[in-house]
Structures are given as structure tokens and as C-alpha cells.
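As written, the chain order gives the labels A, B and C, with residue 1 at the start of each chain.
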Amino acid sequence: MNLESKIEAILLFKNEPVSLATLSNLLGTPRKDLQLAIFNLQRQYENRGIVIVSDEENLCLGTNTELSKLIETIQKEELQRELGRAGLETLSIVLYKGPVSRREIDFIRGVNSGFILRNLLIRGLVERAESRVGERSFSYKPTLELLRHLGIQKREDLPEFGIALQKIESFIQNPLDDANE
Amino acid sequence: MNLESKIEAILLFKNEPVSLATLSNLLGTPRKDLQLAIFNLQRQYENRGIVIVSDEENLCLGTNTELSKLIETIQKEELQRELGRAGLETLSIVLYKGPVSRREIDFIRGVNSGFILRNLLIRGLVERAESRVGERSFSYKPTLELLRHLGIQKREDLPEFGIALQKIESFIQNPLDDANE
Amino acid sequence: MVVSGYAVKTSVFEGPLDLLLDLIEKRKLFVNDISLSAVTEDFIKFVEEHEEFPIGQSAEFIVVASTLMLIKSRSLLPNLTLTEEETASIDDLEHRLKLYQKTKELSIKLRELFGKNIIFEKSANRKEVVVFSPDSKTDIENISSAIMRVLETLPKKEFLPKTIIKKIISLEEMIEKLAERISKGVKMKFSDVYRKEDKISVIVGFLAMLELVKRGALRVSQDVKHGEIKMETDKIGTPNYV
């Protein structure tokens, strides 16, 4: 793979501005070669939906400004979309059990909740909690705005809080007495 | 901006796989035109650092497999690479035959696959498909995440894809009595 | 002796098809009714020695065992007539096994691919702008019914499906019926020779008897040209498997 392809892949993966210094380090390539490759890349991406945004030191992928209307629409649409069954279920788990790790949520629901959690995050309904000791993945908890929006002051005010929490916890601790397999 | 550019920008902007339905909605373009544009895009991205992973309905951007070792050095999260035999068998059926019902999977494997399927769902490697007409139970299909983990851009790139599917198809056409469930 | 050594390595099997395939592949045979017939004793012996299977699974093992016995009986007694249902279950087993074999083959290829050359997607963006945006259903009532749904769908213990229970019962019936049909054919009484209380020993004994019937028939047809076809009962003692 040529240098241009490598840079392009790193930019996509990182999803944030990357410095020339970092690239040079990762690829073992002198800055001068990088600069040339970036120049080439920028020409390749001329008049395309994706552009390479750069200053003297940093670069990242971005969308063409000609499409900013379209992107705004998407952004709005994302925030206005109905949460749906899966969204509400995930949100309810975070409310009743939070702080709760991504793994626990997945385990309780029996499906992967990655995209749903991300959506709840950018909609300000849940937020990352301080990781609990020994946990590798993030934990999630409801935001204060959400509690306020629901008209409750604390989680304990949720309907049937005690029973629901207890059921969830006992499932996490002892998922199946005799799983079939 | 042409359709290809718009699609590429949306894919970059969204942090999750985008469905043809969403694209069609956002761009007011019929699916057929989208499919053609996607085909063109995939050709434009041949032998580049960025690739387009897709199934019949969803697509997302990813990094070229030739650069996977490079990206792994940047990646900080631990990768889960191990899948047990039962998981691999179930995945093969879902990959080569999906959408496929739980009953069909159990029938081919000769054992209850509920537990394994749940694990694969949690890991985001398979997902529930829209039920086929007249089906009472769920069907399962591979996710783009699974394709990405196998390093393939579309299902058709699987080894023996056409032949293997045919074999399994011919069985599904004469399904057994009421086996289980 | 009738039944040669049961050379089954006690590895963990993913159910009856996995075991069956392993037995056939160990003998380097193709999947067909001949090879299925050949591994029947090994299969049943294995089930006998591993009674600690979870109940759901042992039911599956017994269903397969019953079909194997049908195949064995048919191969040893060509003029034994099987019902349509019996023939169908034989065809199905053969077909399933071929499918399973293919699946295993594909899964080995998948193992070689999985996680080796990953196509990575964008990392999560840590600086996304957060705008508080609940939807129309973000209220206590909907949250409360959502958590109830979550609790309801937590996985529960699964019970043995009724259809399988039915099949176990019919296995015992089938053994008896088959024994009767064959006993008539060879003018001997199966029930005289074997203890009925131990199901597995009945099955194994039954198969051994079939094997002897076959051998006997072969010898008779070679030695006595116009003579009466008759079993020599003193050769049918209880074989010592156990």
C-alpha cells in the first residue's frame, strides 16, 4: 500500500485530527515525504464528498462544505428520531441500574447496544460515569436533564424501582441456573 | 455534487452503518440509483486505504485489510478474536444461509443453538433480520461488524460462497416435518 | 466378535450430529447409509457411556440413535419393509449430516479468517456535540413499561420440547416393534434373549442379533444349497459387551 492509502486509513480510524509528528512516528516516514503524500491525497479528494482538512501540523477527514446543508439535516434527523423500542429499553436499564457497563447492558438485553448507546449519549440522555474499579469498559448513568425531564429527583422515584433493580441484579449475578448447553 | 460524493460524505459523518432506506430518505433518491452509485464508489475505493463494507441493506466505511496490522498498533482496545467451535458453526450457517431462523440453525447443528446465538447477538456479530413473510420466529443475519472481522467487504467474498449456499438452500426447500419448536 | 472395539475418543461433542460425523470421519468413510450403518454400535455405545448429557441433548442423541437402528436393520435385512415415515427419517438424517459436515468445513475456514485481518471502522468520536433531545415517548410511563419488557425477556430456563419427549417414547416402541418384525422373519424370539429393563442393552443386543442373523444367513446360503434356512440358536448367546 502506498503512503497516501496508509494516511487515509489512519485518518479514518482515528476520527480526530492527527499530527504530522504522530504520522511520522507511526509510519516511520520523514515529514517531507508525508507532506508530499498529503498534497497528493488532497488532490485526489478534490471535488469529492470527503475532504482532507489540514493546517501545517494537523490533518483530519471532513465532509465537503458544499454538503453542509445535507449534513445539518442528518444531524437534526438524528436528534429528532424516535428512540424506538430498543432505545427506550436501553434507556430504562441505564435509569434503573446505572451506573451500568456496556457489557452488562448487552448481557441484559441479549443484543449489542453499541449504536443505541451512542445515540443516547449524543442526545444527552445518558452520560459516561467514572469507571468502577477493575472495569475495563465505560459505565453509563442517566443525565440530570433526563431525570428532570422525567420529573423525578432520584432513581428511587421510578415506578417499582426496588423490585426491578433486584431482578436485574440477580440476573447479572446468576444468569441461568442451568443454561441449556 | 454527484450522488457518489453525497453518499461518501454521509458515510463519513455517520458513526454507524447506514441503510439504503436511510440514504434513499435523506437524498430523495430511488434505491436503484443508490445501488449503482455505491457500486461506482466501491470501484473508486479499490486498492485504497479506505474500503466500503456492505450487505444488501447497509454500508459503512472501513480501513483496507492490508493495513490491519498497522491499525492494530494504534488500536488501544483489546480485540476479541476467539470464537468457540459452536460459535463458528453457527456463524457459518448465518453467513452462508442467512437470514436463517433459529429452528433451521438448530436443525443443521443437531443441538439447541439458543445460548450461542445470544452470545453472537451480544457481540454484535449477528442481528435479527426483519421476519420473512409468514415467519413466526426471528431470522438472523450477519452484521457488517462480522464482515469487518473476517476482513471481507461483502458476503460474496466468502470462500465458496455460491456453492455452499446452494447446498444449504436445496435442503431448506425441503424442510423436515416439525423437528423442534 | 460381532462388535469391534468402540474406538471413540471422549472429546466434547456438540450434539449427536457432531459425534456421528466424528465416528464416520475416523473411519475415513463418506456420509451415506452404509457408513451410518457401520457406526451405529459405536454411536449407541457412546451414548450409553455418557449418560450425563443434559436432558435436552440426550433426547436428541436418542432420536438419532433410533434412526441409526432403522438404517442398520434395513441394511442387514433387505426385505424388511419400513414405513414411509421411517424412510423419510433416514433420508433426513443423511441429509442433515451432509449439511453439518459442510458447515463444519466452512467454520474451519472462518476460523482462519476471523480476527486476522480486520477492517477497522472509525473510532468513537469523543468530542461530539451533545444536545439534550428526548423523544415524544421519553416519559415515566414508557420507561416503566420498557423496563418491564426488559425483565420479561430475560432468558429463562428452557424446557424439553414436547415433540422430543414424544420421540423418545416412540423410540422404545419402535425397538419393540422392530424386534417383533424381525423375530418373525427369522423364527426366533428376541425377548427371550435380552433383558428389557435396560434400554441401551436392548438396543445394543438387538443390533448384535441383527449382525448374527446376517452372518448366519450368509453361511447357510453357502453351505446348504436346497436346505431350510434356519438360525442356529446356540450361536445367539448374550454377547459380552459390557
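Everything that follows uses one rule, which is that a residue touches a chain if its C-beta (ideal position, glycine included) is under 8 Å from a C-beta of that chain, and two chains touch if they have at least 3 such contacts.
The structure presented is a predicted model; accordingly, all values stated were derived computationally and were not measured.
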Per-chain Cα centre nearest the global Cα centre, belonging to chain: B
Distance-maximising chain from chain B - centres being C-alpha averages: C
Distance from chain C to chain A - Cα centre to Cα centre, in angstrom: 46
Rounded Å distance between chain B and chain C, as computed from the means of their C-alpha atoms: 32
Distance between the centres, which are taken as Cα means, of chain B and chain A, whole angstrom: 21
Of all residues in chain A, the ones touching two or more other chains: 12-15, 110, 118, 180-181
Multi-partner residues of chain C (at least 2 other chains): 56, 120-122, 124-125, 155, 158
Parts of chain A lying in touch with chain B, wherever the complex brings them together: 1, 4-10, 12-15, 26-27, 47-50, 61-64, 66-67, 70-71, 73-74, 77, 106-107, 110-112, 114-115, 118, 136, 179-181
Chain C residues within the chain B interface of the complex: 14-18, 56-57, 60, 64, 88, 92, 95-96, 98-100, 102-104, 106-111, 113-122, 124-125, 155, 158, 161, 163-164
Chain C-facing residues of chain B, complex: 12, 15, 51, 53, 60-66, 68, 71-72, 75, 79-83, 85-86, 88-89, 91-93, 95-96, 107-112, 114, 118, 147-153, 159-160, 164, 167-168, 171, 176-181
Complex interface listing, chain C residues touching chain A: 54, 56, 120-140, 142-144, 146-151, 153-158
